[in-house]
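Below you'll find a set of structures to go through.
Same chain, two partners: subunit A is paired with subunit B first, then with subunit C.
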Partner chain A sequence: MIEIIELLLFGTAIGGIFALIASGFSLIFGVSRILNFAHGVCFAVSAYSAIFLIKEFSLDVYLASLIGIAIAVLLGLVVYAITKPVRANAVMVIIVTLAFALLVERVILTSFGNRGMSLTPFVEGVQVIYENLRMAKMRLIAIPVAIALLLALDLFINKSMAGKRIQAVSQDLEASMLIGINVEWIFIITIAISSALAGFAGILYSQIFNIYPAMILRVLIYAFAIVILGGLGSIRGSILASFIVGYVFVATMKTLGTHWSEFVMLIVIVGILIAKPTGIFGVRE
Partner chain B sequence: MKSKIAQLIALSVFLSLLPLFTPPAYLYIIGLGIVFAVIVASWDLIVGYAGQVNLGHTTFVGLGAYTAAILQVPSRIGMNLEIHPILSIILAGTFSAIVALGIGIVTLRLKGYYFSLVTAILPLVFMQKVFIWKDIFGGEEGFSIPVEKVAFAATIEKYYFALLFMFLSILFMLYISNSKLGIRFKAIRDSEELSESLGINVTYYKVLAVVISSFFAGMAGAIFVNYRHTVAPDLYDVPLMLLIILSAVIGGLGSLIGPLLMGLVIYLAKNWWLTFLKFGILNEEVILYAILIAIAILMPEGVYGRRIFLKQIIKKLQN
Partner chain C sequence: MRSLAILALVLLLAFCVSQPETIGKREKVVIGVLAPLSLPEGSAQEKAARIAVEEINSKGGILGYKVELVVGDDKLDPTVGSAEFRRLATIEKADVIIGGFSSGVMLATMEVMAETKTLFLTDASSPSHSAKVAENYEKYKYWFRLQNNATTFAYDIADMVKMLRENGYEVKKVYIIRDEHIWAEDVVKALKPLLDSLQVEIVKDVKIPRNYAEYEPLILEAERLNADLIIPIIALAGTGDILVKQWASLKPKLLIGGDLLAANDYAFFEKTGGAANYVIFTADGGTLVTDPITKMGKEFVEKYKAKYGHYPEAHQAFVAYDAVYLYKLAVEEAQRNKEKDPFNSDVLVKYIERFNEKNPVVLTRPIAFAKNHDLAWGDNLTRNWISQWQDGKQVVIYPEHVATGKLKLPPWIK
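Right, the complex of A and B next:
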């Protein structure tokens, strides 16, 4: 029983972090039809920047995280700039973003090394929930933080004027241009928000696990599994799918070991593609 | 077509004369570059001709490499087999093709980005098997194949074997690209809907393209192993994938000869000419990735495409 509760709590925390990454990935794809293979860059760079700032300038962890997220947004804008000239050509977009991701990975590898690193948690210590049921406080805090951010994103997309413009562009680009929406601005806003979310996910992740340069690409496995499970381009589908993937991830980790998690993700993806390619929430484009 | 075969023969003759005035140490790395160039050309077959963006081509290279290595050192899985290295190379290609068939059937019947998304994560997934079954696959370092078990031991023999492999496989790929099959591939690349309405079985030809391309990738991986006498996870890894993409994009997608030539040049540049470059965070890989981004943005048709473009300008000027 205790193990199941632990698994559920831990899975929710991981699922929330995955949701922050995948919803941004899905948002960018929905609006600009860009498959952003450099999305993991924002995730890793914000964490590494915060770690660096705390170590070198002994900054406060909150301030360092804020600067880290700002750097993630800047990198998102770089991705926007380098994909702009080739946006019409899907192959070139994939190549450019993948090359950018590997370039950043090499730079991080040469400056920080291959060793796993972790960020000072916002709150340290272990919380005793019930007799033997203990969890690191940071893992528990990650749950409401991630859910609050996701709710804010959902409200922003569905209620605000800018969010409605984003929806309009993702439904029909030409028609949005015709009614006077500045499409380039919508692209920029979308990529900035998504990068900030991925940056925040990186901050949370590196307070719970170790982060290492290869995460830039590895995090894409989970993002892909989530967007295929939830249906490409659907944000609510992605968010729900994130939690399923989170539970699968934690269950795999506890039973088979971390090495197996990629294999299990592939099996999940292949299973969905065979059974229901539009994703379990059935969103059709 | 004829001019491409002539270019292939010219390149092969030039490469076959190289041993006359090149020391063996350089010959060794040029031979590896030749095998790599075949991998790049086989990637061009699926991406440049059939238009399906395969981001996990190294999966099939790595699968072929490990298949051949295990077949040639069967004691690692506790078996006692005696398989001729050439046969094991062909079996490696076949095994890669079978895996590609499975992946292709699942992903290529869907339109859109699914094939790219799934192939992108394949190398990362398959690489984990090396760490899970460490005793068999040797983990991070891989394992080596005893000299008496490999196809050829002397550098000069290996070099000519690689060259022969390149000549035959590129000849075959050129033949395919110009046959009815190749024309159907190109039709699918240019418009899937239109091809379907013409009665082309789109899924069948897309899967066939990935199977053929993976067969060559698997054989090339096996030859890599027989050439280096070791197998290691670097043959699966994403940096190798990006090196393939880099070469094909600079060479010009959909021309086979361009990617082949650029594959050789880029491999030699990365492993030989640029290895002295190291200033802080700048190293040869960072420079190559930056070049790739610049080329993709500035001239997406590649160098080989540029050449034809230049010819057209010259013709216009003459008129």
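Right, the complex of A and C next:
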């Protein structure tokens, strides 16, 4: 019993963080058909910025996190700007965003070193869950926070006017332009939301675990795999896939050992894609 | 006249051939540092070597030659490490290379060392390095390790278990968390029979990859398996601070004690927000960063602090500092013995080998080599003292002749 509760809670926490990253990645691809290989930059930079602001300027963790997320959004807009001239060429977009990601990784490596760093948690301490099962309060808090953000994203996309415009652009770019939707603004809003989600994921992740320069590409691999598993462009698919990956990750860690967790996670993804090549929620274009 | 000219030419040629190339052309002594510079363990080596070189140059250099430091970054990658070693040895013409950190990188760079016949005074910990010296002495004799190796780390951990028992903390079951890496593999291989002999059961042996941070489930599992002690053997994972923070917040009924490299950091207590309190660790390199055991060590850390504004960020600083001075001593000894080329690596190997268990040289630590060029281990030589973080300070708690304090248990265990 205790093992199942532990698996569910740990898997949901990590799955929730994965979902914040992957939904943003999926959103950008769905709307602008941009495979943003610099998505991990927003994840890492928000955390590093917050850590820096707390250490150097003794800022409150909430304010530092807020500024960190704002910096992530700014970097997202930089990605928008540098990919705009080459947007028609998918390969060039990948090269430009990947080069940008590697550049930022190098800057972080030089500035902060290769060793992992943690951000001060919003809430310290441990919560007793059941019998002897305890969990860091921050990890417990990450679960409802991530779920609330994902629900808010879902509501925004499906209920708000801006969300409906995003859906329209996602479904048919030319038709959206014909009915007067400012497509460039939609791209900008989309990339800002995605960057903020990735930035917030970075803040949560670095409070529970730690952040290091190589996370920029590691997060990209996770996001890519999850988004393909969920179905390219499907936000709900990405969210579901994130939790599947989270549970597989934790279950493998507990049964086979920590060094197998990523390996098994990737095997499961490949297995599902062989059975359903379009992913869980994907459709053939 | 013509025959006289030919004779002069022959004599001149003979003179040129008979003179070692290095003597005729030497203008300086070049010391190479090869280390992962983006890690504290690497930058500490470069900084420490720089201090040693500055000190030596201010006193006239080595045999009157100015010493120059050249630096290579191995990026923790065997291919990069090998290429950088080759660059330092052949293009920069380093007379000696010091450094290294990763055992995997070391295995690769030792091949370039053998090929270029460059003296290599190193860190890293796998016994597989010294095994190469033992198996093929002529090829690998240029390699010396200035810190203890993974086998002796196991002796230190076994002694820690004995010390805990002697202090009334019973250890019957242990839970090992270790780097998924060759060095930790070697420690566990040596540790298992030692724990067997102490009738200690290993309830689980968990390998973790680099940057692993999900320790909470492991700590809870250790508790469920009734372990008395978590033995971390963690360096390259780089997340010792996370382990300690999660341990301190969960407050399980078990201690943490082992080879936790991060705990050697002078700023570890601050970095963990005080969670490091009561964490037991082995003082790697045979000295506490904040409280060295020799006069030279004490002076060195103060110079380091004055120059860089903080204590050495890793014990590798002591290894690099000692390596520069060891090289100087060996060269000077070779010169005193009227060696034709006192900078020649083959010559210097003999002189460095003279620092053995019966004749250690005391630098920041006592330095003596075994036959396989590993650093000799022992209470009166160099070993990783069992230490503990107590109220923000690093304290040696075993063995008694160097102890600066006694074991303290966390209040939630008392």
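Everything that follows uses one rule, which is that the second predicted complex is superposed on the first by the 273 of 285 C-alpha atoms of A that agree within 3 Å, B and C clash if a C-alpha of one lies under 4 Å from a C-alpha of the other, contacts with A are read in each partner's own complex, and residues count from 1 in each chain.
Keep in mind that, in the parts below, a contact is a pair of C-beta atoms (placed from the backbone, for glycine too) under 8 Å apart; a residue touches a chain by one contact, two chains touch by 3 or more.
The structure presented is a predicted model; accordingly, all values stated were derived computationally and were not measured.
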Of subunit B and subunit C, the chain that contacts the larger number of subunit A residues: B
Touched partner set for A:250, first subunit B, second subunit C, both or neither: second
Subunit B versus subunit C as contact partner of A:72, first or second or both or neither: neither
Contacts of A:228 with subunit B and subunit C, given as first, second, both or neither: first
Touching partner for A:210 - first (subunit B), second (subunit C), both, neither: second
Which of subunit B and subunit C A:268 touches, first, second, both or neither: neither
Partner chain(s) touched by A:92 [first = subunit B, second = subunit C, both, neither]: first
Contacts of A:259 with subunit B and subunit C, given as first, second, both or neither: both
Common ground on subunit A, meaning residues reached by subunit C in one complex and by subunit B in the other: 110, 259, 262
Interface residues, subunit A side, partner subunit B - complex: 35, 37, 82, 85-86, 89-92, 94-96, 98-100, 102-103, 106-107, 110-111, 217-218, 220-221, 224, 227-228, 232, 259-260, 262-263, 265-266, 269-270, 273-274, 277
Of subunit C, residues touching subunit A in the complex: 36, 38-40, 43, 76, 180, 206-209, 211-214, 216-218, 220-221, 223-224, 238-239, 241-242, 245-246, 249-251
Residue numbers on subunit B that touch subunit A, as the complex places them: 47, 53, 55, 106-107, 110, 112-114, 116-118, 120-122, 124-125, 128-129, 131-132, 238-239, 242, 245-246, 249, 253, 280-281, 283, 285-286, 289-290, 292-293, 296-297, 300
Touch list for subunit A against partner subunit C, complex: 6, 10, 109-110, 113-116, 118, 124-126, 132-136, 139, 208-210, 212, 214-215, 250, 253-254, 257-259, 262
